[in-house]
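What follows is a pair of complexes built around subunit A, which joins subunit B in one and subunit C in the other.
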Partner chain A sequence: MATITTERPRTTPEQAAHARKQRVRRQRLAPILYIGPAFLAIALIIGYPVFNAIGTSFLNASLLAPGQDTFAGLDNFTALFGDPTFWLVMGRTLTWAGAALIVQVGLGLVIANTLNKRLFARGAVRTTLIVPWVVPTVLVALIWRFLLDPVSGPINGLLRDTGLWENPPVWLADTRFVLPVLVLISAWKWTPFTAVILLAGMQQIPPEQHEAAMMDGANAWQRFRNVTVPGIRTSLALVTLTTISGAINNFNGIWLFTRGGPVGATEILTTMAYRTAFIEFDFGRAAAISVIIFVMMMAVAVVYFYVVEGRKGDKR
Partner chain B sequence: MSIVDETLPARRKSPTRPRRRERRYASPGAHAVAVLLLLGTLLPFAWMVLSSFKTPQELNGVDKSLFPSGLYLGNYEKIADTNFFTYFANSVIVAAATTTIALLLAILAGYGFARFTFIGNRGMLLIVVAAQMFPAVMLAIPLFITVKTLGLLDSLVGLILVYVSFALPFCIWLMRNYFMAVPVETEEAAFIDGCSRFRALWQVVLPPALPGVMAAAVFTIIQVWEEFLYANTFIDTDAKRTLSVGLNSLIGEFTTDWGRLLAAGVLVMIPVLAIFGYLQRYVTQIAGGGVKG
Partner chain C sequence: MSTPSPRLSRRQLLALGGGVASGLTLAACGTGSGGGGSDPTGGGASGSGTLELWANAGVAGDSDSGLQRAVRAWGEANGVTVNVQGIPTQDLVPKLTTTSSGGSGPDVAIVDVSSVPQLAAAQVLADVTDKADAVTGDFGDELLASSSYDGGLFGLPYTTNNVGLFYNRELLDGAGIAVPTTWQELRDAAIELTGGDQYGYMMGAQGYGAFLFWPWLWQNGGTILSEDLTTATFADDLGQEAFAFYSGLVLEDKVMPPEFVGANASWDQYVAPFVQGRCAMMATGPWGTAPIEEGNPDLDWAVAPLPAGTGSASILGGTTISVGHNSTQSDLAWELVSWLTATEQMPYIQDTGNIPGRRDVIDSEWTAEDPVRQTFVEQMEVARARPALPIWGDIEWGVMANMWDAVIQGQQAPADALAAAAEETNQKLSS
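Here is the complex of A and B:
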């Protein structure tokens, strides 16, 4: 950028030096002016609370007794680690994330691979398939709670009328079925997002690669397995990251359906933290749970960057 | 991680690739899969819309039928007894304010990061990913206290402040990528013509990056409509509830009155679809280009 000043014809050297100094000073200030406001907002609303949450996890803190926090050391953590319910919930959270990963990436691959073909009205199909992703979870909850309703819901009605299942369960109140059902509903909402990322990856693969494979006599499955999947490794890694972190962080996808019930059958770490904080008012322990979630997220992120870094230089 | 060229709106075709290929549709099998996926996506929505016009008898299985007997509007009339439209207006206010403020800040910061780079691509991406990954529940407690200290508990302003901050990292990143794709020469030309940097940003650099602004706007709007946790925690007064929280409380209140709830659901869906239909190509850009690292 400094080149501009040197090419001006009619300035004396002193003037040029002065202008340059002024410009340098302005340039030093400029980044602060541009980035400062956003930085302040993020620091106040995200940065400070992150440190505060970590701090609170070492306190005896309750909403009911404000200003009377006492230092608790690792008590909140040791209490959690000694609580069998915590380990049950931890295990369920991991199951929930693993199931989400399998269902959403599997289904996402099917959707992306279908949309990557020359479909009739492909644009319209793609647009339609994304709709569940842009709809708020509360609406998803309304729709599916209705569809699964034991009296008015069409799903149980259909099962009864066709005689497939004489006495279908109350899906969201049955401890055997509720978690898998929520996994599927979450997948219904979030898979479109997965599919769009995977599709973007697939569209980066030069068509020549598919044509070459076709010439060599590869069938559709072989082409998918040997051309498409290796071609979208980066997208797959990203989707794995977003799906796992999204599932571990998911709150709406459970709370708006069952609030973690029935009898705790769908309680995961996020709903447990929320319940501990805002229903039992034990801020310290809730903060400890959320710090554990945070550590899990960071572990996922570190693995992701390690994997992507390990392939740095590779072209997708 | 060549984000920049992928987020560029107009994808240039490589010269080696012939512009028009043989137009041949995929196999019937692929189309069958597509039809199945479409049904799986659309049937739940269709069922909601159809059922919202059913009478209570039809809904409760006394007069069972696939289609409503007529255009029964009683369910929609019953919405007026609730605070639904207040929730709706609150959500519109919060979404509009959040999007405007977040975009203004993100344009400034995105430009700052694009032109006075001190953080590289990877560092930037790391921060954005980290910010996206903070457990919302973790920040709920300290944010509750922060918002309370600011005196913004039970106020839409508090919500807007929180939502802006959460939308910012991703919006900044998106804007930065679009600004990096705008050649520096265009604004240097403007400087020579005596234009200040600030004016050059709005008049020269921003127009070609407008698709990025739209994508960031869509991202922010979707997030605001989705958000439940903070809205539920920070707002006490019923008349200040947003749609997510309000609709959820209606679901709790009218558990068996599905007609009324479904009618409300249809009304929630309409603006979402209107915005989405208008801006859908930017939606794919968020997921396909923006998130993509």
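Here is the complex of A and C:
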């Protein structure tokens, strides 16, 4: 033992560098080993289907003719891009996402800002607020289908009884109203989530900043505009992007109410993909739509990482 | 990249799941509870004295339903556990098709006759031609034909039905109107009975309205497709004439309860205005009886044959019971199928108010015991089957359903819409 300790200082600089390198290499290797199993699982669970979807999108594949798939090249994509309905649905998907963004983030801001003040029974209000968010979408559909029932539903009943609207519309079957109504129903479910994230962001802002602004004579709007909003920029970016991606993927929020109807008035890309796959059984075409959705989601994800993660990096 | 092979379809399913579910949601949506392959009980076909039976929710019913009592009795006698899964009507075919393409699926399935060709082509149902040889004589030819595809028999007729004219006796008697027997009488009666919050007649939206149009087409001498099933003929002069009359009841005569445009989710939703006593007449099948008896037992109603055009016609419906293509216990499954369709078990079906597919029951005195049943049995003579095509579901619930919605939403003139639908159908037939 003693010999070793005496020998140690005698190691050459080269040897020392080598040992350091090894240690560093081991330190670099360890985390990879730690996350390896999880990474592999994710790669299998997410990567495998994604690559298969991409593969299927280049095939003529119909469930009505099992095992008779043929290579189709880009046919599924060119057929989609040449179909005016596809562009209509694409436009509607973007409208749907944009409307969700405006309503959910707008309302979320109002609610969060209100709850960020001293309020009577603030805790109770916050808890109640979150209820719609935890209601399963299937239940949300049942609740709203009942509320909006043209004959026995309370909403139309109220409109008739108060004389506000003599012949109220069949909300979920009227091409003029159905999309806005679905936007509002989805907002009913998802705004609480937005509000909670934004509220958390607002509570990170030191109260001194508000106090200082008040001392400088800023009114409520100015304080919101110049203290609150810059303070929650990261949360705002987060909810903006989750709302957009959530809306593009919000299949249940439409399918459970209208199945994309009437006359395609509420068809978005995900319902179109489902219809193509499971009603027309054209899996190749459906996979192509899925791939397009996938690309859109990737774009959202890239923006998300750039804005949110990149900003964090700056602070460090 | 994937190479074509019979195993491919399972991967495609995963693929789609992943692709759309980069949307993350698809796997869980649409099909409701108990999703196919991943469900420990839903995979079926695993041996050890368990059979998996899938049917639409109406046929499966609750634990006291005729079907469930029947399979329990058989299961106890044979030491087999039969799991009955009720699946919403609109989800049954997609769910069967996707689980089967993944190599699983139920051992026994009860499906609507109109989906037999599709499920046969997609290898969801097994060809039972040889197994059924001894019993085919028990069923009428027309019913066996609607359980067949491409020369093979893919199940046995379980129940049979057709569409009749349901009418509210109180409303008709009150207005001194006789039960209509012709188109014109129906139209006059419907106009007469419409006023205030009361309406004369109705159809459904979406596929419901499209489905109910076929009898009108046939009554006018028209046909859906050419005999060789390659061209749409429903938009010829006879078809256009029938469709003009049919859609005229909505657009010109306005005899429909306004909410019918939203009746796109279930037959229960469709019959609601009739059940509430707000609509005097409607066309529907025996499945319309249960919601009336449950929702408004006091309603005074009856069923008459559909009013005739230049001829009489109704639409043949019903269910077929068969063995799953992927069942690993197809012999045991077939035992259950043949037992369920044997004479002794008919009371289980009769108790539900449905008409069994067996000749000996249809010809028995039981049919005469109830006037409603009697009407449906009499109409069997003029009831016609829809084209036996694998893509039929896509035509009826896709092309025709959208066409009908465009008409009742006022987006397209009836004649243009029907012609466009015929063109679209031709494209689907040729592709």
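Going forward, the second predicted complex is superposed on the first by the 263 of 316 C-alpha atoms of A that agree within 3 Å, B and C clash if a C-alpha of one lies under 4 Å from a C-alpha of the other, contacts with A are read in each partner's own complex, and residues count from 1 in each chain.
Just so it is clear, a residue touches a chain if its C-beta (ideal position, glycine included) is under 8 Å from a C-beta of that chain, and two chains touch if they have at least 3 such contacts.
These numbers were taken from a predicted model, which means no experiment stands behind them.
S.K.: Touch test for A:52: subunit B only (first), subunit C only (second), both, or neither?
M.R.: both
S.K.: Which partner chains sit in contact with A:302 here, subunit B, subunit C, both or neither? Use first/second/both/neither.
M.R.: So A:302 meets neither subunit B nor subunit C here.
S.K.: Hey, is it subunit B or subunit C that touches more of subunit A?
M.R.: Counted on subunit A, the partner with more touching residues turns out to be B.
S.K.: For A:279, using the defined touch cut-off, is the partner it touches subunit B, subunit C, both, or neither? Pick first, second, both or neither.
M.R.: Touch partner of A:279: subunit C, not subunit B.
S.K.: Contacts for A:170 in the overlay, against subunit B (first) and subunit C (second): which applies, first, second, both or neither?
M.R.: second
S.K.: Using the touch definition from the top, say if A:127 reaches subunit B (first), subunit C (second), both or neither.
M.R.: Once the two structures are laid over each other on A, A:127 reaches subunit B alone.
S.K.: Which partner does A:197 contact after superposing on A: first (subunit B), second (subunit C), both, neither?
M.R.: The answer is first: A:197 touches subunit B but not subunit C.
S.K.: Considering only the touch criterion stated at the top, classify A:44 as touching first (subunit B), second (subunit C), both, or neither.
M.R.: first
S.K.: So, does A:294 touch the first partner subunit B, the second partner subunit C, both, or neither?
M.R.: Both: A:294 reaches subunit B and subunit C.
S.K.: Would you check which partner chain A:17 touches, where first means subunit B only, second means subunit C only, and both and neither mean what they say?
M.R.: In the superposed model, A:17 contacts neither subunit B nor subunit C.
S.K.: Both subunit B and subunit C touch subunit A; at which residues?
M.R.: On subunit A, the residues that contact subunit B in one structure and subunit C in the other are 46, 48-50, 52-53, 56, 138, 151, 248-249, 251-252, 255-256, 270, 273-274, 277-278, 283, 286-287, 289-291, 293-294, 297-298.
S.K.: Considering only the defined contacts, which subunit A positions touch subunit C in the complex?
M.R.: 46, 48-50, 52-59, 61, 63-70, 138, 150-151, 167, 170, 172-175, 248-252, 255-256, 258-259, 261-264, 270, 273-275, 277-281, 283, 286-287, 289-291, 293-294, 297-298
S.K.: Which residues of subunit B touch subunit A once you look at their complex with the stated criterion?
M.R.: Touch list, subunit B to subunit A: 6, 17, 21, 23-27, 30-31, 33-34, 37-38, 40-42, 44-45, 47-48, 51, 59-61, 64, 105-106, 108-109, 111-113, 116, 118, 126, 129-143, 145-146, 161-162, 164-166, 168-169, 172, 184, 188, 191-192, 197, 222, 225-226, 228-229, 233, 243-244, 247-248, 251, 256, 258, 261-262, 264-265, 268-269, 272-273, 276-277, 280, 283-284, 287-289, 291-293.
S.K.: Once bound in the complex, which stretches of subunit A touch subunit B?
M.R.: Within the complex, subunit A contacts subunit B at residues 1, 4, 27, 30-31, 33-35, 37-39, 41-42, 44-46, 48-50, 52-53, 56, 110-111, 114-115, 117-120, 125-132, 134-139, 141-147, 149, 151-152, 154, 157, 188, 192-193, 196-197, 199-201, 204, 207, 234-235, 238, 241-242, 245, 248-249, 251-252, 255-256, 270, 273-274, 277-278, 283, 286-287, 289-291, 293-294, 297-298, 300-301, 304-305, 308.
S.K.: In their complex, what parts of subunit C are in touch with subunit A?
M.R.: Contacts found on subunit C: 1-2, 4-6, 8-9, 11-12, 14-26, 29-30, 32, 94, 97-98, 101, 118, 121-123, 205-206, 257-259, 261-262, 264, 272-273, 276, 278, 390-391, 393-394, 397-398, 402, 405-406, 409, 411.
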